[in-house]
Amino acid sequence: MLSKNVETFIACDCDYEQAKTVLFGAPFDSTTSFRPGTRFGSSAMRGESFGIETYSPYQDKDMEDIAVMDSGDIELCIGDTEKVLAQIEERTRIILQDGKRPMMIGGEHLVTLGAFRAVAEKYPDVHIIHFDAHADLRDDYLGVKLSHACVLHRCWDIIGDGRIHQFGIRSGERAEFQFARQHTDIHPFSVEDVASTVKTLVGKPVYLTLDLDVLDPSIFPGTGTPEAGGISFDELRRAVTCVCSCLNIVGCDVNELSPHYDMSGVSTAVACKIVREILLAME
Amino acid sequence: MLSKNVETFIACDCDYEQAKTVLFGAPFDSTTSFRPGTRFGSSAMRGESFGIETYSPYQDKDMEDIAVMDSGDIELCIGDTEKVLAQIEERTRIILQDGKRPMMIGGEHLVTLGAFRAVAEKYPDVHIIHFDAHADLRDDYLGVKLSHACVLHRCWDIIGDGRIHQFGIRSGERAEFQFARQHTDIHPFSVEDVASTVKTLVGKPVYLTLDLDVLDPSIFPGTGTPEAGGISFDELRRAVTCVCSCLNIVGCDVNELSPHYDMSGVSTAVACKIVREILLAME
Amino acid sequence: MLSKNVETFIACDCDYEQAKTVLFGAPFDSTTSFRPGTRFGSSAMRGESFGIETYSPYQDKDMEDIAVMDSGDIELCIGDTEKVLAQIEERTRIILQDGKRPMMIGGEHLVTLGAFRAVAEKYPDVHIIHFDAHADLRDDYLGVKLSHACVLHRCWDIIGDGRIHQFGIRSGERAEFQFARQHTDIHPFSVEDVASTVKTLVGKPVYLTLDLDVLDPSIFPGTGTPEAGGISFDELRRAVTCVCSCLNIVGCDVNELSPHYDMSGVSTAVACKIVREILLAME
Amino acid sequence: MLSKNVETFIACDCDYEQAKTVLFGAPFDSTTSFRPGTRFGSSAMRGESFGIETYSPYQDKDMEDIAVMDSGDIELCIGDTEKVLAQIEERTRIILQDGKRPMMIGGEHLVTLGAFRAVAEKYPDVHIIHFDAHADLRDDYLGVKLSHACVLHRCWDIIGDGRIHQFGIRSGERAEFQFARQHTDIHPFSVEDVASTVKTLVGKPVYLTLDLDVLDPSIFPGTGTPEAGGISFDELRRAVTCVCSCLNIVGCDVNELSPHYDMSGVSTAVACKIVREILLAME
Amino acid sequence: MLSKNVETFIACDCDYEQAKTVLFGAPFDSTTSFRPGTRFGSSAMRGESFGIETYSPYQDKDMEDIAVMDSGDIELCIGDTEKVLAQIEERTRIILQDGKRPMMIGGEHLVTLGAFRAVAEKYPDVHIIHFDAHADLRDDYLGVKLSHACVLHRCWDIIGDGRIHQFGIRSGERAEFQFARQHTDIHPFSVEDVASTVKTLVGKPVYLTLDLDVLDPSIFPGTGTPEAGGISFDELRRAVTCVCSCLNIVGCDVNELSPHYDMSGVSTAVACKIVREILLAME
Amino acid sequence: MLSKNVETFIACDCDYEQAKTVLFGAPFDSTTSFRPGTRFGSSAMRGESFGIETYSPYQDKDMEDIAVMDSGDIELCIGDTEKVLAQIEERTRIILQDGKRPMMIGGEHLVTLGAFRAVAEKYPDVHIIHFDAHADLRDDYLGVKLSHACVLHRCWDIIGDGRIHQFGIRSGERAEFQFARQHTDIHPFSVEDVASTVKTLVGKPVYLTLDLDVLDPSIFPGTGTPEAGGISFDELRRAVTCVCSCLNIVGCDVNELSPHYDMSGVSTAVACKIVREILLAME
């Protein structure tokens, strides 16, 4: 008897009961102010993930040996931002309630707010580690508060000063950098301070949010607002491996892949490889 | 003395006071359910319009001889659909109040609602002529009422039965076709009935809304949801020339060009040529 | 409890037991002599199928009302053509044995041979209706017998003279056209003779093989060897609807979509729409 | 012993002495006012020509049976328009002096002037049959006389009134259409008058210049200034077959393919197929 | 009252009278010997510049605080190289005469000659700082003296030995490198010597010409002749910031962006960011 | 008298008798498991090679001074892997028998097996230097032994332990890395050990096989399975220059360029530049 076509991120095919980590996609990009297309990020990654191997020679670990399940994309109410965030929050809450770790694939960066609301509810003392080219700290963008450009400001509304640790930031308004110096733990331009930050967070619940445009656009052109001067793949790989293998990651997301802007497929392959390294490092 | 760079749709450079028709762009695509990108339609058309001539051998008229002004794109509050529609309505109202005819370039089809609200306010007895591949008559789309897929239903909410004349429709839910048979004047698949419909509308105020995907995707691939089996360029050109030269067009829009999906530039060139023919026919 | 991500062609999500027609993909293109890429055809169609509606206004039928199941792509032994054909034959045989109709999505045209071997085994008196730009009647191609360019010759090896009905053929070697005049029922250039051929086949078992490049490349550019001068979408739609609603289709395939060659997505959307019309017409 | 890599247009590999027709490429696009890229036309066609067959089922003739030789692209002095035209004229003159027929592949349309100068020198009573979307009859373009937009005016400077027969023209300045009505034999929009024009030219020396943008951009998007509303492939195929099989073609050119604008390869394949039909019809 | 659509490079919208620096585009690429397309560089940069911020965290300066005006593209006489250069020279001269600094956006590198003629007229003792992958020192290219491949040789014709300082050069004929060793101050492969060169030029008038292909094609693929082994974005950013903040820049240009060759938009974004850093550093 | 169009890799136009190195293309990609397209590698490189210079400033050598001949692509029996390998072996054998050095341009990596069979026959004590992102050491891939993923295992079948020196490997199954540790001389992730390996091989016959995906995909996106974390162009350039100038290279190949996946042309230009450096270093 034949079964219906199942398509998961490579090797994320264990059953829900056994899964320690549960993936889902949040294909939303409606507040994107410049070039949209991240809504195709998660589905592109599923298809392209079969171009990488399940084994990581960096960590000498294999996806075949860990328990991850891909629960697919949420069917979002495109056009109503609040409803979309509520849908994301609900999916995250279910996974957390079942004692599993949520891993969300965006979509634009605003989707982080939905997942983080559920995470912060369960872990009120959670910290955020944030890799990004952009500060995302505006209070509003052209009058809109629920915008990708404001997402870390919205998270700060929830957890307050000193709990957001930002790395690789190299773009923003002057006011955002001023806000960061007062309210967040910002490390502009590079990720060289990650290891020392990690030491201070050992044992605490940590949410990891990775905007892939922290990478240099030479290796990750498939994104809406490419910012030259970013970090290399190996720098990011080492940083996320350090974060995920040393800390208690209670939830994470990887976002801002816009696959149509890089028809070579490289950006999608890079995103898949980083997700593999994160998944392997967390276990 | 040098002046700042002015970029208008070709030959739409008369001053506002002299202008009879005023163009503007509405770069919005946030409710697009499938593939976004129409936000780039109006700016792409400005650049590409210099690849066509100002003279139409079809009508033996020249853009140099008519008074059109391109007032640029509205800077929209991406992420808040109601605000976006209010901004569009406001721009349209200004143009109408100054006794000029508004011509909007989308953007996704939902932008029509903003412009039409202002038009229906001034002309309560207005009719709509609607060219499209899709019926756009859903009452809601995944629970969202302000969606491109519902835009003609929202217009019907304003003007009611028998005043929406639809041509070329070849896609929709079963329920939309049922709704159309009861509430609109639908002519599926083709535009062959345009001339006879035009005869019944002579002298009445008419709003023209043209979703360019009414064209066959062979000639217009640059759109989010291409539907094979559409009409040819010459059929559309003749239909809009008939409508615009015979009727009292009090406002119009041309939408759903998503230029990045057609890197040959043909779709954008086609959109420009249709806009030229419409502008020439209306004067 | 969340379930693993299931991705099927739109509305082809009934269970195997209930299904009357069972879809599967055959992502193979290794004998392609010019430009490869059809291996991505079936997976591209699954994703893009959500851009079309389940309802067909042409036939006034809805996919929601029929029983089709998408069993996914076969994982093929790329590099060994005979094994690949055996795998396809096996999947087809299972579906036939369970009293269901197989519908295969290619891949290159050679995949037809695998499916047809199983079909001809069960229905020795089967006829083939073949839509294509190319005759595909070579005996060998550069010495290779199992080549996409020879696939109808290989089918003829099985069923012999007068049982292959070819439409739309407009390219081939001189020798292929000579072979066709002696051994097949060829109707070059157009599909206008389909209706009269259909009349002669009523009640007989028929296998439909559709090489999408029978379409004009203006509407279907996404294929390896585009041949100008093809038929229109409406001509193909009417022809397949006629064939599938009037005849006893015991199996069918749709092949030669190479999605990467048409980045507008139009070719994939066209393929999806034709598959929808075929599925609706068969029931 | 191995020989150096020879790459010709398909089956155009006979030796110079035996050749009746000699192909060459003129990879020039420096006066292109809108989007350049036609310089890649001839080399793209050589590579892509192996995707078509040598046999034409339309004419039941085979390239294997005729004597054509591809002498490659001229290495042009890019940046100096007059030198470029002189180089083209010289290559054409050599071919004519050796009693062979020159067939040039552009490049932009201005290259016609170089070839035509040599042709008109040998055949002072030559007529021109011109297929194009654009009239190309300006006297100058932004002050430049040697421009693609002026090329037929420059030819008219040589042969004067009544000897240029234009078909398919659908774009130009008002002044160009006025000039045409006085000085050329213009048939705008279509090619339906070709057969009757051919009758009047039987026995006379004729130069055929084919700007491929006479085709509708649905089938030929790969060109710098696409103009919707063009003729179909079959209309062009029939027209050039009629011209080339009935008349004394003393030289011809095919130009304005800009392959990079159509990454599907369809435009290049269309150009190859038309060249094949021309070559077969001339013999 | 609505005003006509004004499109400038981001934040370059001050009035001419107040402007200290005046931008203009020179959309010319007719002598490009390999792949054309730089004519679209300046207009692409205007549109894409709104994807970057006006604030530079590198320099802690903001475009909102400086006085730059974008006077648009010159409408060039495509097809007549000398006229084109004269037009560019004239625009530059006006800006210089009004006591402002000209900043030109190409176009191919030959446009530098037009601007430099006007600059050298006003500042006979001017030096050139030249960043490029290619030496551009040929005396002629296939017999043509006014070619992009000769542009620095033409500048040397004006100012002679020792006044051209070249960085990053990694491609050229053997003869060009020999010429450079005798006549220019060449620093091949890297920009590490920039700081020491800058020290020797303090107080002198300097013209900066930046061929963006000095960047590695990994970060700047959108150019006609990509040369691997180039410098990184941060190396270039630091080099131009050093040059522009320490020296008396009397004019500058940034050229050779060919946006169509990089559909991800990264190259255009990189060009915009470098222009922002140059503009901020100069003030 | 005109000659037929000859197209070679730049400056590889000496006659066979004089040639010391003979190039040929092997346009095969039928066992490619993920994304095909390398069959276009060799022909794309011929065209694009004219964008680089014949002179290398790195080595101060010029292609004009060495004797290389490009014998074109083999016309391969697509669809029959064993026949294809036999054809490649035969071409290689001819070149070796004539006392010349074969240089093959792929195609996918499996083509190496064909060439290496002939090389190992003549030089039974040959060593292999292998640059690659992937180990290519599987014994079979989905049951197929003649697969690109197995090619180094097939070479090891011929020459056994300790004679394959692998550099840059960063992807593979766990089992491949285990195999490598036992049977090959593997240097994962980088090329920093090349110089010390070279010292141990001086005077011995060496076959160089270069899978270009050893490069980081930022500089070489045009390949089927991009693997982030690769080496830079300068690292590869130095490594191959070291290998080719210090060792007795009896044959070599460069493969896995898939030009269509990088429409900027950068990948092809990179491949051309590496081939130039290899050819110059070997002489």
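Which chain is which? They are A, B, C, D, E and F, in the order written, and residues in each are numbered from 1.
Just so it is clear, a residue touches a chain if its C-beta (ideal position, glycine included) is under 8 Å from a C-beta of that chain, and two chains touch if they have at least 3 such contacts.
Note that this is a predicted model, so its numbers are computed, not measured.
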Reaching chain D from chain B through chains that touch each other, fewest steps: 1
For chain C, which other chain has the most distant CA centre? E
Measure off the straight-line distance from the CA centroid of chain B to the CA centroid of chain E, and report it in whole Å. 41
Measure off the straight-line distance from the CA centroid of chain A to the CA centroid of chain D, and report it in whole Å. 55
Multi-partner residues in chain A (2 or more other chains touched) are 216, 218-219, 262-263
Would you mind giving me the full set of chain pairs in touch? A-B, A-C, A-E, A-F, B-C, B-D, B-E, C-D, C-F, D-E, D-F, E-F
Can you check the complex and tell me which residues of chain F touch chain E? 50-55, 57-58, 60, 62, 216, 218-219, 233-234, 237, 262-266, 269-270, 273
Residues of chain D touching chain B in their complex? 34-35, 169-174, 177, 188-189, 216-219, 221-222, 224-229, 261-263
Where on chain D does chain F make contact in their complex? 1-8, 13, 15-17, 22, 24, 43, 46-47, 69-73, 91, 94-95, 98, 263
Which residues of chain E touch chain D in the complex? 29-33, 35-37, 39-40, 75-81, 83, 141-144, 146-147, 260
